[in-house]
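In this document, chain identifiers A, B, C, D, E and F correspond to the written order of the chains, with residue numbering beginning at 1 in each.
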Amino acid sequence: MSNPSSDLQNFRESRQIMNEKILDLDHLGIKRFFNLDTNTYRDGALPSQTKELLGLVASAVLRCNDCIDYHLEQCAASGSTKEEIIDAMNVALVVGGSIVIPHLRHAVQTIETLENEGAL
Amino acid sequence: MSNPSSDLQNFRESRQIMNEKILDLDHLGIKRFFNLDTNTYRDGALPSQTKELLGLVASAVLRCNDCIDYHLEQCAASGSTKEEIIDAMNVALVVGGSIVIPHLRHAVQTIETLENEGAL
Amino acid sequence: MSNPSSDLQNFRESRQIMNEKILDLDHLGIKRFFNLDTNTYRDGALPSQTKELLGLVASAVLRCNDCIDYHLEQCAASGSTKEEIIDAMNVALVVGGSIVIPHLRHAVQTIETLENEGAL
Amino acid sequence: MSNPSSDLQNFRESRQIMNEKILDLDHLGIKRFFNLDTNTYRDGALPSQTKELLGLVASAVLRCNDCIDYHLEQCAASGSTKEEIIDAMNVALVVGGSIVIPHLRHAVQTIETLENEGAL
Amino acid sequence: MSNPSSDLQNFRESRQIMNEKILDLDHLGIKRFFNLDTNTYRDGALPSQTKELLGLVASAVLRCNDCIDYHLEQCAASGSTKEEIIDAMNVALVVGGSIVIPHLRHAVQTIETLENEGAL
Amino acid sequence: MSNPSSDLQNFRESRQIMNEKILDLDHLGIKRFFNLDTNTYRDGALPSQTKELLGLVASAVLRCNDCIDYHLEQCAASGSTKEEIIDAMNVALVVGGSIVIPHLRHAVQTIETLENEGAL
């Protein structure tokens, strides 16, 4: 079993480096999409905290571990508790079925790392 | 263009009739799944209202109009406003991309019907 | 609620007409794919009956009603019973989650029509 | 079998009415997404004609009939021939598998309607 | 190329550790889902052996390597031969298209490891 | 962060070894599918160069990194420029949504490796 803590740290670094390279491509459509994506989770009719949970569940049913990790961090940062995050993941599990289980395993590893970091 | 109001009413009736036929099949696994599904959206660490929004966004990114209609009704019944529902659909649109747009069109039709019925 | 029996009959007719038009396009790659597809479900290491159940479950988790209808007919024709078909659909429901439920409703309608026709 | 020609006309009208209602919701994120979506297919490093074929194949493997219809119209309008469109659909069929076949049937119906209208 | 044999062993260990952590979360809905999932593949109208093949094909078309590995082990344990498993994977390939090929490569690696272990 | 250059080299070697093992299975259906897949991207009504871009976008919206890497190599080999490839990936991003972003990051890493190799 690999080290979940350094896995998450590697993902964070790789994500930042590659996002910068993507913006450096200077493709206007891609830059606008990234800007739109960031703004989506700002407080609006729904608070940011709820929208990060929506992003987490969408990522889980679409089965994207990198997206799950990113939204788990944002859920913790916007004030959701571990119990609320697990309850959201249960919705993803029931909607998306057993095919979501490997991603639930991944999420629980990341949640543990965030707890160890004091971020959750 | 068909009549969205009678479309929604047809869906409700068809959904109820067919769900009864499914439970009449008397397959223990299927019956337990339906029971589990219902319980998922009850108040827990997250309130039912939030979980219905999670169900809505999961249904939208997985692109299932029947599931969207069902969760729109439940979102309205559990106290979400039209503005909150639209803000949740925007998360689904950005996560899921332009392929979600036809389902956003469908959702906006159903939202209008729910408003006309006084349910939203 | 529309008439499931005539819905299935319409699907059969439309499917045959359109498949002929597709083959008339005379695109070699498409013709070879259709030929390959037909041969897939012939007796091999696994009997045709089992492979039609595999095709049914694949269609259900990928959530394609037309494909479900086609494989339900082939499952019935290759000797599976209603109980076996329902047990296969339960696997699809658990793997694919509640998003499969509308397709389970559709399948149960088609199964009823096949029973009424004496085909199952 | 329903009337493919009026089906396409209904889709066009419904699409326009609902898109206007969506923009009337006045959600900034949604409006920006629609704007971004439109700009995506303008001439850039790749010509619009190629990008509409890319949009068609993406719609086909993601199995969205409304999106297929929209991009078929745009492919015809931007100068692709029927033979080129069919060759693009063959790529979608091989990448996406037999689950794409019902959408290929739908596409061939729409192509026929576009031919009858003199648009292709 | 990594070592497929130790990859599979790592997956088994990680899967067991993480499943225990998931059950330790003590979320009733998640625990019931796991229980339901296990029961799905027990002998019913269809024998366990057939249902494991259904689970394998569902996992392959939904493109989940961890799920493929799990069901390959269960297929071998419930008595399917290598030839039957390959014939099932061919159904997944034709239904799901060339996008399934990387998962077919993964499956063939795991099958080889199971053969080397004497499990298949 | 792992080494993208050796990652791509490992993928190439693993892909070749495993494809040979798949063909050695001697399953007629699988062999015919692989043959069909190869022929799909040959010059036809559309040139190979355009069809590789179609394969790339289909792979990106279906979110398969191995398929993205393969088609990136083929896009470069068939004469597409980096700017054209990025413009195609932007279509995939808008159609497929933010869930495609991790695969865009992967693609940009591979594009950089192909540039370093002088292949793009």
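The definition used in the following text is that a contact is a pair of C-beta atoms (placed from the backbone, for glycine too) under 8 Å apart; a residue touches a chain by one contact, two chains touch by 3 or more.
This structure is a prediction, so every number in the text was calculated from the model and none was measured.
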Looking at Cα centroids only, farthest away from subunit B lies chain F
Quick note, more Cb pairs in contact for C-E or E-F? It is C-E
Interface copy of B-D among A-F, C-E or D-F, with over half of contact pairs matching by residue number, is A-F
Taking each chain's centre as the mean of its CA atoms, the one lying farthest from the centre of subunit E is chain D
Whole-angstrom distance, CA centroid of subunit A to CA centroid of subunit B, is 24
When centres are defined as mean Cα positions, the distance from subunit A to subunit D in whole Å is 31
Where subunit F touches two or more other chains simultaneously, the residues are 29, 33, 36-37, 40, 44, 58-59, 61-62, 67, 86-87, 90, 93-96, 98-99
Among line, ring, star, complete and other, the chain touch graph is complete
Listed in rising order, subunit F residues that touch subunit B in their complex are 61, 93-100
Interface with subunit C, subunit B side, in the complex: residues 10, 13-15, 17-19, 21-22, 25, 27, 29-30, 33-34, 37, 58-59, 62, 64, 66-67
Subunit D residues touching subunit A in their complex are 29, 32-33, 36, 39-40, 44
Listed in rising order, the residues of subunit D that touch subunit C in the complex are 1-2, 63, 86-87, 89-90, 93-94, 98-99, 101-102, 104-105, 108-109, 112
In the complex, the residues of subunit F that touch subunit D are 36-37, 40-41, 44-46, 50-51, 53-55, 57-59, 61-62, 67, 81, 83-84, 86-88, 90-92, 94-96
